[in-house]
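See structure below.
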Amino acid sequence: MPVRVSPARRALVYLLLALASLAVVFPLLLAFSYSFMSESEIATYPPPLLPRAPTLDNYARVIATIPIGRYLVNSFVVSALVVLGQIITASLAAFAFVFLEFRWKTALFFIFLSTLMVPWEATIIPNYMTIRDLGWLDTYQGLAVPFMATAFGTFLLRQSFLQIPRDLRDAAVIDGAGPLRLLAMVVIPLARPALGTVAVYGFLSTWNQYFWPLLVTNQTLMRTTQIGVVQLRFEETLRWGLLMAGVMMIALPTLALLVLGQRQLVRGLTAGAVKG
Amino acid sequence: MTFPVGRATRRLAIALVFLAPSLVLFAAFVFVPLTRTLYISLFFTTPTGRLAAFAGLEQYVELLTSALFRSGILASTLFALYAVPFGIALALLLAVLANQRLRGINFFRTLMSSTIAVSAAVGSLLFLMLYNPSLGLLNYLLSLLGLRGIAWLQDPGSAVVSLSVTTMWLVLGFNIIVLLAGLQGVPEELYEAAKLDGASGAMLFFRITVPLVSPFLFFLLVVDTIQVLQAFTQIHVLTRGGPVDATRTIVYSLYLDAFQNFQFGFASAQAFVLFLIVLVLTVLQFRYIEPRVHYQ
Amino acid sequence: MRRTLTLVTAFVLAAAACGGGGPAGPGEQAGKAPDKSVQPASKIVFWHSMSGVNGDAVNRMVENFNKSQSKITVEAIFQGAYDDSLSKLNTALASNSAPTIIQVFDIGQRFMIDSGEIVPVQAFVDRDKYDTSDFEPAVINYYRVQNTLYSMPFNSSSSILYYNKEAFKEAGLDPEKPPKTFEEVTDYAKKLTKKDASGQTVRYGFHQSIYGWLFEQYMAVSGALYADNGNGRDARAGKVVFNDAKGKTILDWWKAGVDGGYFWNPGIDNDGSANAFNAGKSAMYVESTARLRGHINATAGKFTIGTGRYPRPANAPADGGNIIGGASVYIMKSRPAEEQQAAWEFVKFIASPPTQSQFQADTGYYPIRKAAYDEGPSKEWAAKYPQFLTAVDQIRQAPQNRATNGAVIGVFAQARQRIQKAIEEVLLGKSSTKDALDTAAADVNAAIDKYNKTTK
């Protein structure tokens, strides 16, 4: 939208922005507020907005109830492993689709894309049987390996690689660089925004997983954060404050990551634009 | 783009080396399981998961003729119809709003895209709190306005809407990020030129913005539809498939049959059918909607 | 491509080979207890579904056991809610990584028996001539099927009426006289419902969440069977029978209350239902006895809680009574004899009066032994929460028969969920009570047929 705006118009835009942002972020703000309230304060009507006597009890209780530190570590390790795997597999695959000529390139690309259309639910039952057969229940590899290939990431990187100027590529080839050198020295550095995007998206998706870790981990100590949250629910006595404190502790790292990565994300998606 | 290697087979071999890591993982965790699902769906199974007797296509017939399947299709369809187009439209409006060159705009952008950092489980719990008919904020706000509270999760019609709203919220962050990227690819000069010609705000939006952002709109249509049709957590936390199976989508039925009722054979048939449905739907989207997308 | 095809085929065959397994063997292959001379293993694994306060109680129990002797160490692991835990058990059994002893919810009884994967507790009881005469009849009879005790009761609760004494006084009702019958509940609820100037209901008289367990309790106090063949206890259940006149009475009463505007409908959200009572949104409600302490804590300073017997129809026969709910622990057959032996030692510890008494004080569940009530923690608890006396009297005075012992069917989780759908249909006016129950019964019967086909 155009540049020159009157102060009145600017104020209006800021107001709209503030209202819209508030509306979107409201549930999170509420959770934040509730996390400092006691049970009997929450179980009142009309529903309270701000705590009258803020307390850190809920946070203390979360730490005492579930091994949240361990859960955060597990989620972090698994997410990092997945991101690492995805960057490697997607870069290699996208490179092949962009820089190499070979038979059945289109068919293979379509096979990649088709995995996006297979709902995870259609494969989850056999998948946990596979992980079980491999003896990978309750392991980081069991949690991470199935997600280390990504058609979405491959697709995105392909778009990004396609935007690298021909002359740069040709120059490197003439210098005698083999495919791997080309990939490492020329392509990857230029595709950093897109790689950042794949990394952030992969990290967040893995961090937010609930069902797969639920199935594949039996040991509490191998569990991940989203399971921890749901664990706070199954009590004979409902404690919303406790639950909200847990939610906050788990959402905050990802929110921090979002703040850091948000610029990366937008830039990356522009560079790897889905223009067909 | 051609790499100066020799014969075609050698080129294919090299390419396969690059594709191998992805292909092996896809084979192991997508295609083989899919085939195995198909295999299991042809058997009756015991509650502990062992194959009991060959069923052939019997479980498919039972599934496709069951009332629950029909209501599941309806639930999934309604859910997608409510959540996807409105979610994208809302995201577009917000992205346009956030596409200004103003001071501190990144702060607002971060806030608006914050839902991407919230998992389905967490988001659903937050909304469960809001939807509580007697203690939840939503009904309280309504009562302040003198309106009756809505049975958000207890009435079949509202339950689908409530579920859709929750899903829209969860996907909003992702949608906004994608659309922001798209909007930034629209050249300023186009707007300048149009304004000089006397175009109004609405015209600018519909004649310039939407067409040029359409590749991203299409991308979101495909991706969001797939996500919504596979959504499980929100249903599990908020409605458990009810009330009266109104939110019992195919995915949720699949969950219940596999993990509550322990009918693995039947669940596998449902899983395979779900796969086919999403596949067909995506192909249809590419065939009929993509041609209307405006590529530069 | 051809090479890929061959690879894929090989994969498929391999995948089909492992995990597929052959046709199922006979359903009941209950294990035998190991010989008395077998030395107990030094470490066993215990899967449970207790979190929060109850999780602490379990951990305390396990710690006490581990400290009380030096031969066996029990490792307790929380495995999510009951249904998640059971799913996981299935996968663990198939990969030979089952726990030694696992807590399974009450309605999973038939499933566990049919799995052929357990060593019935009875085997140990018989071998060691373990005395079970002191066990609470209502509790132990639930878990005894055809005279065999398959599991050891672990945490037991029932359902009672909770009410707000101040609200009673306000409405001119005697706060020491809770309603006993459906008709009285209706009557009281009408008096307790409060509306404001604009006609909005500020407080309802009564509410109950759409929870299949509550319906099962209503059937039991009405003296009605849930399933045939003696509630599935004389022989394997062939069909459900809850679509009789007694089931209809329950739903008719429920619907009339909701339609009349004095029963509130919280839907399926049990926690929301409990919270609404705490917040004073309704004056009476029914739920598990295990929630008592939580309620007292949440309402301290707001209002006084009273407890009453679970309501029943006025014309209910004298032999109606409440069922026990909760969970029990099973010893798994696939584990080595040494582990089973160690598990039995732990089970005996669980069942001992001091442990039971402490567990009651920590959680609010019924002790499974009568002698536990004489122990210190139980006495303190009784003094602190006199309201619990209602719950104790209720199960002590319940006659023991097939109806009050509860049903045993393999598809109970499905049945319970199907009943919830029937209740929703009735309350939303989408179906008459008779039709709703009939179609529910038909669906559940179809499921039972399927179940029985693969487990015979």
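Chains here go by letter, A, B and C, matching the order in which they are written, and residues are numbered from 1 within each.
Note that in this section contacts are C-beta pairs under 8 Å (C-beta built on N, C-alpha and C of every residue); 3 or more make two chains touch, one makes a residue touch a chain.
Predicted model only: the values in this text are computed from it and were never measured.
Two chains share more touching C-beta pairs than any other pair, namely A-B. On a Cα centroid basis, the chain most remote from chain A in this structure is C.
Mean C-alpha positions place chain A and chain C at a centre distance of 38 Å. Between the CA-based centres of chain B and chain C the separation comes to 36 Å, rounded to the whole angstrom.
Between the CA-based centres of chain A and chain B the separation comes to 15 Å, rounded to the whole angstrom.
Each of the following residues of chain B touches two or more other chains: 28, 31-33, 36, 40, 134-135. For chain A, the set of residues touching two or more other chains reads 43, 45, 104, 126, 129-130, 230, 233, 240. Those residues of chain C in touch with two or more other chains are numbered 15, 84, 87, 91, 94, 275, 279, 281. Looking at the complex, you find that chain C touches chain B at residues 7-8, 11-12, 15-16, 20-24, 83-84, 87, 90-91, 93-94, 111, 114-115, 117, 198, 200, 264-269, 272, 275-276, 279, 281, 410-411, 413-414, 417, 420-421, 424-425, 428, 430, 447, 450-451, 453-455. Across the interface of their complex, chain A is touched by residues 1-4, 8, 11-12, 14-16, 18-19, 21-26, 28-34, 36-37, 40, 94, 96-102, 105-106, 108-123, 125-127, 129-130, 134-137, 140, 169, 172-173, 177-178, 180-182, 184-185, 188, 191-192, 195, 204, 215-216, 218-219, 226, 229-230, 232-233, 251, 254-255, 258, 264, 267-268, 271-272, 274-275, 278-279, 282, 290, 293, 295-296 of chain B.
Across the interface of their complex, chain C is touched by residues 39-40, 42-45, 65-66, 104, 126, 128-130, 132-133, 135, 137, 214-215, 218-220, 227, 230-240, 242 of chain A. For chain A in complex with chain B, the touching residues are 1-3, 10, 13-14, 16-18, 20-21, 24-25, 27-28, 30-31, 34, 43, 45-47, 49, 88-90, 92-93, 95-96, 98-105, 108, 111-112, 114-127, 129-130, 145-146, 148-151, 154, 166, 169, 173, 179, 204, 207-211, 226, 229-230, 233, 240, 243, 247, 250-251, 254-255, 257-259, 262-263, 265-270, 273-276.
Interface residues of chain B facing chain C in the complex, by the touch rule stated above, are 27-28, 31-33, 35-36, 39-40, 44-53, 128, 132-135, 143, 146, 148, 151, 153-156, 239-240, 242-245, 256, 259-263.
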